[in-house]
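Mind having a look at this structure? Questions to follow.
Labels run A, B, C and D following the written order; every chain starts at residue 1.
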Amino acid sequence: MTSDATAGDRTRLRVRYAETDQMGRAHHMQYLAWFELGRTELLRAAGAAYSEIERQGVMLPVSNVDVEYLSGAGYDELVEIETRVSEVRSRTVTFAYVATRAETGEVLASGSTRLVCTNAEGRPKRIPPHLLKILRSVQNAHPGTAGS
Amino acid sequence: MTSDATAGDRTRLRVRYAETDQMGRAHHMQYLAWFELGRTELLRAAGAAYSEIERQGVMLPVSNVDVEYLSGAGYDELVEIETRVSEVRSRTVTFAYVATRAETGEVLASGSTRLVCTNAEGRPKRIPPHLLKILRSVQNAHPGTAGS
Amino acid sequence: MTSDATAGDRTRLRVRYAETDQMGRAHHMQYLAWFELGRTELLRAAGAAYSEIERQGVMLPVSNVDVEYLSGAGYDELVEIETRVSEVRSRTVTFAYVATRAETGEVLASGSTRLVCTNAEGRPKRIPPHLLKILRSVQNAHPGTAGS
Amino acid sequence: MTSDATAGDRTRLRVRYAETDQMGRAHHMQYLAWFELGRTELLRAAGAAYSEIERQGVMLPVSNVDVEYLSGAGYDELVEIETRVSEVRSRTVTFAYVATRAETGEVLASGSTRLVCTNAEGRPKRIPPHLLKILRSVQNAHPGTAGS
């Protein structure tokens, strides 16, 4: 994590009671929702609100996910998601994430998700030029090591 | 619960680990997903698959929910949802549910949900005649006391 | 909603993509997680962090829920949950909620949840005096009309 | 997928409405709950009910997850999860999964999850001998290629 990170690449959330399981921590599937939150905020900060992208008929379904879990997040704990763009290609974009315990900086999990660009019917297509430009500028602005 | 209940008005499910919370039982919000499962199966058995209803441009968003919880459902427990149609009006339909521990019949929760009929844009409209007929026949076939 | 509401009784959240359903709005079950978030924040602000309450062996499972839905919340919309304590009894506490579209104040849903006090094994018991005192003071501080 | 697969390694479920997102398919995080269901059923069939394992103080939190998504699963579609044990070590066990559209056999997603053995306090420990034996016998019974 670099010290010059802008607000956009860090999102904070509190673990909800509904997100815990009987092991007493956030269920591992929740991290995928949190990572999604992370990339939503990163894109919004970069001027590419995902809700707006979808309204333009550009879908970005997830094609690959990997997560490594290092420590559990308890109910009501403050979690920080650091997100960066790790790879941009003509038809895919990959985001990398590090989830930390906000109070101590301890790493909870790291992971990445690859998204493919499709039209509203789910057919793969190239990422539109204006979105590609934004993704590349985000990638260059934060060449950090989150999740890599 | 009447002994002549058909398969359609009873749905069984096992409590998933992801559905538990740190109190060690299914989180109370999950019952709304289970009730939804119950009415999906009831409608399918009656020849009105909800997925088909939606494809015809008829939406049935939930307008009211109430649930009373009596006992907790643990991970991997087999839960039975008994569903019936408790009220049919020109623009709304109300379903009533009883969730029981399948092995013992102990009641876990009971509740009801009212759905309003809308078009694909969310504008209220009358329930189409063919659907109304099916709902009324389901109501008459199971004049039980689930959730009432 | 009164204009002198403190921060504690208002919680804001953005609708997550994972919370939407194919109708294009937050699934109705999510409101129960949001209401839970609302009472968590209200209690925290009042000095009674729910995570701390549980560590002291006091559980507050939900015994009753009712929600009325008026309008749908779309992906990425900012939602405000206003929470108040509407009734305190020796063994139960009832919270009332109003969820609004934060930008316009339009009401999305209102509802209430009743919680019963139990020990760690799920046996009902009286709400401990210190918690009862806090709940009553919260109730008196915000005698508003949320969800009533 | 081999034709001699027993019931235990195949689990079927219907996509719930609550599991869809506004793209009109099951949200990608749901597959982690489905995979969990798959390994729960596989272990139960092998005589090692996970609920029983936990009661003996053995926890199996997830340490690694990877999923590749090939096609979306729509509301109410019947999905089959094929699960196998792909690796057993003294402190970890890895499960591999293939999710298919039950009607056509089309692959929706494949993935794997690694679980680490811990005690009730989350401290890593060796997998108890009787569980290790069961896991190895399951692995040998289905040396298939699911998710590999």
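Simple rule for what comes next: a contact is a pair of C-beta atoms (placed from the backbone, for glycine too) under 8 Å apart; a residue touches a chain by one contact, two chains touch by 3 or more.
The structure displayed is predicted, hence computed values, not measured ones.
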Selected interface, B-D versus C-D, where C-beta contact pairs are more numerous: B-D
Per Cα centroids, the chain farthest from chain D: C
Where chain A and chain D are represented by their mean Cα positions, the distance between them in whole Å: 25
Whole-Å gap between the CA centroids of chain C and chain D: 35
Distance between chain centroids, defined by C-alpha means - chain B, chain D (Å): 28
Junction residues of chain D, two or more chains touched: 17-18, 22-23, 25, 29, 32-33, 54, 75
Chain D-facing residues of chain B, complex: 14, 16-18, 32-33, 36-37, 40, 44, 49-51, 54, 74-76
Chain D-facing residues of chain C, complex: 17-18, 20-25, 27, 29, 75
Residues of chain D that touch chain A when the two form their complex: 22-23, 25, 28-30, 32-33, 54, 59, 61-69, 72, 111, 122
